[in-house]
Each structure stands twice: as structure tokens, then as C-alpha cells.
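What follows is one structure encoded as C-alpha cells, with my remarks underneath.
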């Protein structure tokens, strides 16, 4: 274990001592911001991890962040907007101008400001090529933004949104062209948002957003105009690994809960954990969780060494989401009828696990990718 | 199709024309009683089905009731308390005195009164032998009720509850002895109830109930004192089939919804329904739904002819719950990220399907039963 | 149970009493024709079932034949060529001339002659449109046959082969045209065949056949020239059901064997049948076997009443093959390391079960068909 | 990659260039010893890997041997007796006297002699406590051996057998006592063996052996009398990893074969590899193979560093056997009807994959172990 990993462990231990799952679960049920958990991320410096010191960050590798998420999720201390924040910061760190970096990055380290992320649209799904939100450059250099996004986590609560929009029509010669990335002040005139009803017991609200002739200043653009897709793709690998950390962490949490329950629940005299129909699926799930975790950390190491990890992280997406689903499913079965009692706090993970097989990208697309890259099979969608 | 089945179809068609899923789903999300749907059950006489004419009923076989539930659930017009009502009526019809029947049955046909059902306790789970709620006979012939139940659907809304309690301690010589069945007025002094938070988007509230020195009149007892278990077991087969009808009906509903979505959703230009990873699981699920349905109706026929159906209905429990789960799972996958959007009305079925693999009895117990009865294997729990 | 079904049962009971599995298994291991079993089919008249009396047959419905196969396969008394014989007889009964019927049908009832079936080619797989074997009509009315077939069960042992060949090139306007069906004397000059090594422990040899300028008499043609596909499709539904009978029968056989073993095998003191990881999969398999069987007989009834059964029989194909596979897999697991000991006679069923998910048609095609017909999804291959 | 691993790769490359799968497959079909492959193992020094130089070995870590097996099995160059040889050598290296080592080890490096392994008995299965073969010490110090073993790979071909026998009756106080390990000259009077019919297309014969008053010299005993179980357990971890290497290697082989086939097979115009029902299961299998492989090598590293790997290697057993099974199953499905054609050389792997889920230890026991050790669940068998 490296020094920085030891530091991460220490920080997470401190957080786990001071914030418990009961609090986070309650926030989730009430759709309330988990201020105490957020404060701990700020106070311990976790929020500033991955950000260079010159922008107020604490530095640290992707593996450190992944480790932090893994550890906190093993106690089910979920904080999705922290992940959103990480994800939005990546393109800014790599593609923004020095002025943009100096303006936008430091407040994300202190928690004074944070970013939401705007990419998904109702009709585009996993196919970013098909987004319809447009940001058309005006003669004065500004961009006129029209359209809308869906599933925008904490949009109204965030100060800014990293938004993906089309700056020129789909070019059939070069499909990768025409999409751009913007930093959007969420309070600009013409922006509106309605909360969605998401059945996941998460603290943060998700929004449907609408952009009606929103004028974006010229310096809103991140990176080169029309090159937004490569900007986005550059952070996909990190995203896969952050999501994987949440999967394996939560998988361990539900397995721990299920094992505890199976050791004491004994309607027929012996603990149900001594029935193979309960014990074996748990053991299988645990096995697959560990395999996913192992490949996840190996991919982090490769990523942090600058090696290519496209195939690795996609395999990790499959492994971690399937392991989480296995774990959540046997947990529900173990709890029996009590599984749907929200106060038992198992149901949220069952729903999250299924959702993580299709989000942020569906496993079908991922398997198609693996089939092509690892086995040389033809495109299958 | 028999004449009575034709009548059932006509009634269901009428209900489907006048109450739509949107209304029932909204009631589910708000935890509000679906008055319009209940009124249709009353008005069309569906509520009185299965009850002999002398008690204000419309007669009809178990198959008729199963058919009605199947048809209504194909449109996701759920009304769980109607099922509770059926289930509670069974023991009264077969074991109550003529006076009890005359007092309690007719109002359940008109909807003026209805029964909730009280059997499950936190520690007993599927093992009814272990219930701790006691109803001790007093010198004056009354019973003193103490204890509590869990997962009592619509307890406070119901006029009466059919309650299972222990009237004498567990007798290790004859474990089947000592449990009795009572009709309990839910407004009696000493009764209290707190609503539970059940994450199933069902209209009815479920309750944790508490009985503190509740005095039950002598004529509350249904059937012979201490013989409650055989009274209960006599209606288990019907229960399995009613639940199966809800499973296959809802399975068809989610498959229909998923197929509609898969025909129009086309992020990459072709409908996702043309991808085998979407189409094949749907086709498999449909195949298993039809197999479950077929065995369900065959078991109804056998039941209505008075034949033994213990093995059949337990197989139907497995088939119908697994088919529903298959269907709900591929539906969630088909809807992708939109699956957890409550307004899409797919998530409730995903949760219900999992729950129906463990409730009202868990599939593990059912498989153990089948292993013994159909294959001669030793007891395995 | 109808009278004819009672008769079928009696016949099968008689066969089961006189031929045991040990004999048939031994023939399978040695690739030797099971003469004793064949003789019983002849002697009891089973072989003549389904054939009208005017051609020496015993009559009887498809359900009768399916019942016979189901019953005999429950004892693993396999006789694949009997099925081939049935399958080949169908088109002759429905499409051949009276002269052809009188010449070819009677000897198939007595067993003096029997038919093999020639359709599959190496490159065509499940797509019959793509067969390359040609039968070109000559000026003198004869047909010149060239090409070859694969997986031809008992070709050299059979007197005749019902062969599918292209009589005119693929017509892109009408793809259903150009294929014809012939009765081919297997001893004609220009015919050769080499045995294949099929790892299924079946008594019959399978052959790769080669046709080199074989001259077929003009009266070899069955039905109209170029209309062979509709001739073939007309017997597909029967084929699905005959194969299903073999699946559910064999599934029951392996489950019986596995249950017997699980009751006595006790390496840790208790029979392994008391472990849920053994008992539950067996119980599930048994449940699915019964569901498949139920739909199979229902489809037979519908078929024999002249109703449309296209969707039913395809669902039965899925159900029966998956149930057989489930059964064979848990049987192998139950036998543990002894599973691969050929003398234990479990391995042949494990291989057959997998094979029956892809033959005579693969389940992927069948699921695609169900997705289209039952759910209205677009074509997905 | 370490230097020794580079050397292993070079050796394996050399073998792969000179011996092809066709040869090994043919030996498997004919049950003939693959002399050419054995010679390569001898000539390249692979056979002497893991053996200290003082006994004629080439040294090398467990990871080196695992790597060699992985690489060779990716080309399906199976040589089970090499594994038997490794396994038998382990206890001798760690527990035998210097004299025994000097006598028995060197010839196993040159291939002049090799060991078979005798532990499994018909009734004992995975429970070694229950073996019945006895070796009773005689007054003259010799042991009188009686009993028999099953599934003894290449017993008659081997010069010696490492045999496990009971030297004193089961002691209920100390169940671990009473079992001893012997080096048995396979040509001793009183030994007989009959070949078994194993349906796995392996080159080596397996035997049922019988020991009838065989007199074993006093110096046949390896290690302390009665302490055989701990001797055996000490090499279990290595065994798990050697078997895992064979699993992941073969899994890659069948996936490669299936992918090649799926790229060219095109009954409906497009390669079947473009169907998601073919491509996705292959991609999933590949993903799980890589996860298993990763944990396998990690466990090797830990083992070679002297760390505890009991949990790791058992997880690797589950992962590698399930991944192999997934791979073999989709390979069979991809090959369709051709899967059972032995000449296609896919069937042997389908059978091996199933067998490796129950041998050399069944996955049920392994899952029970993981449930206890990783999740703290009670014993469940």
C-alpha cells in the first residue's frame, strides 16, 4: 500500500466514524442533501483529491479516488454529486484555458461551488452523436443555447453545469465533429428545470432541464469548438472506474448486511445462512466482487502509469455491475418479505444494482465493444 | 371458454374501459386508496365472486376468480385488498358457524366491509409454528389477545381482520396443535397500528399492529380451537393460484410495455427490439409466462374438480414468479436509464417481481417441497 | 385419457418390460443398431402409428405418437431412426401421388424399409434457402442429382432417403421457390457416404453423403416441383413436438437417475439430496419439465383439432430443450466426478441436452420467431 | 514479466511451434499417449520445473508452472499426467526423507519415471476422511495394503503411485489422524487395474485399481505415519492453481475457436458473430476468463511470497471453472449442430468444463468454504 493510499484510508476511516449509513439512508429517503457527509468530504480534503495543487487541489492518482469511493461505499456512504464533480473536473483540467482553470477549479476543491453534468437527452440514450441540444455561435462570439437534458443530477443545486451541445449539424463525413463542451452558469436567463421522480432513494434530486435561447459567453467553450466528443471520451475510462468502485463497494455492503441477517434469522431453528440456497449465492457474489475489485485496481494502476485501459475498464464495468447485481439479489432473497420494507435499507441497493447495469452506459453496448476488441468479432449493433 | 368465464371477461373488459393504469399507478405512488377501481369491483359484482348466493355472492369457481385477476393484471389494474378479501373469506366459508357466515360474509360482497389478514410476525417468517401472538381463553369464554403482526395490508382501513394466534403453547408431540383463527373487529380497545414504509408503490398501506390485552368475544373464534393450522392450510392452494394470476398478468403487462418501447426506441437508427440481447430475453420471458399460465389454469380446473393440486400449485408458484421476474428484468433493461424514472411506471413491477419470489412464501421453501414430493428427496431445510 | 392413449401406454409398458436402458445404452456406446428395440416397435405396431390403415398403418393422432416417445424416453429407450421415419413419412402422406404412397408407405409400417432424411448441408445450417445440392431435370424427365448432405442419420442403413434439393436457382423475387423434395433409393449409382464421428453415444451412425451425377427417375419427385419448402414447412410443427417429447422424456429419466443417486450418496454422512444446492435445481428442473410437457400435449391437442400451433410448438421447443438441459446439468453435478464415467450413463444426456438446444433448429432462431409473432418485435437476424 | 517467466514463454512458444492441437486431439480421441508432446516437455525442461536443482530440477516458482500450463492450454495442448506428476512431487519434496527424494525425484525430471496419484475412492468422493483403503503396519515394519482407488490417471503407465491409505481406524477424537501417504511401486504383486471408460477424449487412460494384500516396504511411507492429511492439504493450494491454469487456458482456446467460426459462418448472409446472442455471451465469457486469470496470477504471487492464499485459490477455482464453462457453452452454441461432431474438436472442452466444476473438488464444497471464511456464515453441509 502506497503512502497516498494509506492517507486515503485514514481519511475514509475518519469519515466512517463520524457519518453513519443511517444518516445517509435517511437523506436518501427524504431526498435531502447529506450536508454532514458533504462537509466531511470538504473538511478531510477528499473533495480536492485528483486536482493539482496549483488549483487548490490535494493531488493524488485516479487509484486514490477509486480507493476512497470503494471504502466509503462499503459503508454505503453514497455521495453521487462528488462523482459528478470529479467527472466534470476532468475535461476542464485537460482541455480548458489557464484562465478557465483558475476561475472554475479552485471552488470545486473547497466545495463552495460544484458542477453538474449535462449530456443525456431523452432520444439519444447512449448515442451521444444524436443529441439535439444546440449552441450556435452568434456574430458577437457568444453561443445561443437551445434544447434540454435529462437525468441531470443536482442541476439546480450546482453553480455550473458542464454541458454538451451540438455547435454544428451532424456531418456524415466526420461523425465525430460538431459537438462542443461548455461551462454553463446554471442561473443564466432562459434556463429552467423540473425535478424528476427517481425511485432510487438518493439524496440528490435529478432534473429535466430546458434551455430557451440561453446566451452563453464566448469564454464558456471548453477546448476546441466541434471537438467535444474526444474531450468527453478522454474521461470515459475514469468514469468507468469510479462507477466500478461504487459497484464493488456497495456490493460488499449488501453482502455484509445479508450475512449478518443470515446468521441470526432462523425461522426453522437453524440460521438461514446454513442453507446452501442462501450461503452459496452469497459466496459466489463475494467471489465475483473480489474479482471485479482486483481488475478495477489493476486498471487504475495501468491508467496511472499511462497505459491503455480501454478494454480493461469495460471489462470492469461488466464485472462490477454484475457482481453488485448478484450481491443485491441474494441480499433481497435473504431478507425475504422484509426486503421491500424501506426501513430495512436493502431495497435501494437492489434498484441501484439493476440501474448500474444500464447506466451510465448499458452493459449491452459494453459487451459489444468487448466482443469487437477482445475477440475480433464484427460490430453487433 | 365456459359461460362463467365469458361473463368474467365481459366484466373485466368493462373495468378496463373505465379505469386505466395511469390512475392506479398514481394511487400507488401516492399511497392512496384506488376508490374508482374498488367501486368497479363492487358495481360489476367481481367482489362477490366465489361467494355463494345465500350470502349475497355471485358464485363462480376459483378459475373464474383467477381469470379475473389475470385479465385485470395484464392491464396492471392491481387491487391487493381484493385478494386479501378473497383469502380471508375462504376459512370463514369453510369453517365458520352459520351465524358467523351470515354476519360477516354479506358485507364483503357489497364492499361495505372488508377483511384484512393477520398472520406474519417478525420472527416467524414462513414458519407459522413460531408465531408468538397469543389469544388465551378466559374463564368467561372470551380470549385475551396479546402480541402483534407485521405486513398487514390495509389493517386500519378494514372493518375486521382474520387473525391467527396461539391459543395454547407449542406442543412438541403435536406441532400442528395450538393455533387458532379469529375474526377481530379492528376498532377494539387495545389495538394499535403504525404504517410501514413499503417501497412497492401500492395503493394500500401496510401496517405493523400491536395487540395489548384485547378482549375478543367468545364467538370470534373460527372453527375449532387449536385447529387453526389445518384451517389455514386448506386455503393455501387457492392463495398460490391467486398470486400466480397476479404474476402472469403483470408479467404480460411489463412485456407489452417493453415491446412497445423496443419498437420505437432507436438510439442507433434501428429499433432496439431488433437487437437479440433485447428481443430474445423478451421472447423467453413470454414463453415462460405462457407456460406458467397454462399450468395455472390446469391447476384451477383440477382444484375445481376437487382433485389434489398441492404439487401443481407449488410448481405454478415457481413458474409464475420466475416468469414475472424474467419479464420485469428485461423490461428494466429495455428501458435503460429510464427504468428508474418512476413516471415511466416500470420500476414498481421490477420490485414486485422480486418480492413475489419470496412472498407470500419464499421460493426456497417451495422448491424444497417439490424436491420431496415430486422427486422423493429428503427434507432439505 | 382417451382410448388410443391408453393403448399407447399399454404398448410402451410392454416395450419397457422387455427392453431395458442397459441394452440401449450399450448399443449407443458401441454405435450398434438396437435391433431388439426396433423389433419391439415393429411387433407392437408402434412403428405403424400415425399411418392410415389403407397403407398398412395403425392410425392414431400426433398426440399418440408424442405420448409414445415421451413414455419411452422416460426410460431412455431412444430410437432416433423411428423419429426420422415419422418425419419422412409426413410429406409423403400429404403430398405424394397415390402410386408413391402405395409403393413407399406400407414397408415403413412393417419395418421392412425405412427412410432417412436429407436436408442439412455444411454451409446452409438452419437456412434451407441456401442449400446447394441440385437436382436438374433432364430432357428425359429424370433429375440429375449433385451435391451432398451432412448429419444424415442412418443413411446407409435406410432403403430410401427423403431428400431436399434445389431444382432451380434461387429466385430473388420468390425465395420460396426452387426447392423440391425427392424419394431417393440409397443404392443408386453415384451415391457414396462416409460415417461421421458424432460424440452422442447414439446407436445410429450419421453420415456425410455425396451425390455425383445420380440419376433420379422422374417419379422420384414428391409434390410439385419447386414447391418443396411449403412441403417441408408443413411438417415442421410435428417435428417440434416429436423432439419435445424426446426432451421431456429424457429430462425425466436423468432426474430420476440423479434423485436415486442423491438419496444414497452421502460422503459427509447425510445424503447429498438434502443439500439445497442439489435438491433445488432438481426441483426447478422437474417444474420446468412438467410445464414443457403440459404445453406440449396442449399443442398436440390443438394440432389434432386442426388449429394453428406455430407459436405453441416453438415455445414448446424452447421450454422442452431448456428443461432437458437444466435436468441434465444438475444430474451431472449430482454425479460429481462420476458424471464423465461413461458407464454411469449420464454423460450422453448432458451432451444430447446441449445439442437439442441447437438442433434440429437452434433456439436463437426460435426465440427470434417468438419475439416477432408473440410480441410484434422486428426481425432480429 | 520476470526473467523466469520470459523463459517459460520461450519454452512454450517452442512447444507450440512443434506440436499442434490436431495431434493432441487425435491422441485424445484414440486414447493414445501423446508421446511427441511428452518428449517436448522432457526436452525443454518443462517437466523439471518446480524441482530444486539438487534433484535434477530446473527450479522455478509455482507461478512459472501455472504460466506454462496457461500458455499451453490456450493452444489446447493438454497433458494431464504432467499435472499429476507435479502434484505427486509436492509432498515428496516437502515431507520425504533425503533418501526418498534422491531416489524418486530425479527420474521425474527426466521423464524416465513418473508418478500417478491415488486418493479418490468410490464412496468417499470429496471427503477424504472416508477412504477405506488400508495399509496396516506389520510386525516386520512393512505395510499390508488392501482396497482400491478410482479415477487413477495413467496408473499402469506410471512407475510409481503416490497413494493415500488409512493406517489406523477413524478416530472420532481426532478426525485428522490415521491417514498416511505412500510411494507405491505399481508393479508390486497384488496390484491390478482395469481401465475405465471416461468420455473426455483425453490421451491418458484412467483406472480402477485393486490392492490385494500388497506388501509395501517400510520405506514406502512419506512423512509421519497418520499425518497424511496435513501432507495432502499442504499441496491443495497448488493444485487449485494448476487446475485454474488449465481452465483459463482452455477457455481461451474454445473462445478463439468460436470467434473464428462466428466470423465466417453466415447462414443468413451476415456472420453469426454479429448477432448479439452469439457475441455477447462470448464477450462475457472472455471478461470472466480474464478476471479469473488475474486472480490466479495474483494468488501465485502471494503463494510464492509465502502469504496465505486459502481463500484466494478457492475463489480462483470458482472463477476459472465457471468461466471455462461459460466459454465452452457459448462455443457449443456457436458451432450449432456441428458441436457434437467430434472432428470439430469442441465437444471435448464442453465436457471438460462441466467436469472441472466438480473435479478435483466440487464447486459446492468450495462455495461452502468461501461462505464460511469470507462471510462468516455457518457451515452449510
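Just so it is clear, A, B, C and D label the chains in written order, and each chain counts residues from 1 on its own.
The definition used in the following text is that contacts are C-beta pairs under 8 Å (C-beta built on N, C-alpha and C of every residue); 3 or more make two chains touch, one makes a residue touch a chain.
This structure is a prediction, so every number in the text was calculated from the model and none was measured.
K.L.:
Just to be sure I understand: going only through chains that touch, what's the smallest number of steps from subunit B to subunit D?
P.N.:
Shortest path length, in steps: 1.
K.L.:
Using C-alpha centroids, which chain lies at the maximum separation from subunit A?
P.N.:
C
K.L.:
Indicate the whole-number Å distance between the mean C-alpha point of subunit A and the mean C-alpha point of subunit D.
P.N.:
43
K.L.:
Distance from the CA centroid of subunit C to that of subunit D, rounded to the nearest Å?
P.N.:
Here subunit C and subunit D have centroids separated by 39 Å.
K.L.:
Name the residues of subunit B that each touch 2 or more other chains.
P.N.:
275-277, 280, 364, 367, 380-381, in rising order.
K.L.:
For the complex, give me every residue of subunit C touching subunit A.
P.N.:
The contact residues of subunit C facing subunit A are 275-277, 280.
K.L.:
Which positions of subunit B touch subunit C when the two form their complex?
P.N.:
So the residues of subunit B in touch with subunit C come to 255, 259, 262-263, 270-271, 273-276, 279-280, 282-284, 286-288, 290-292, 294-295, 298, 315, 318-319, 364, 367-368, 370-371, 374-381.
K.L.:
Please name which positions on subunit B make contact with subunit A in the complex.
P.N.:
29, 120, 123-127, 130, 151, 196-201, 265, 267-268, 275, 277-278, 329, 332-333, 336-337, 339-343, 347, 350-351, 354-355, 357-360, 362, 364, 367, 380-381
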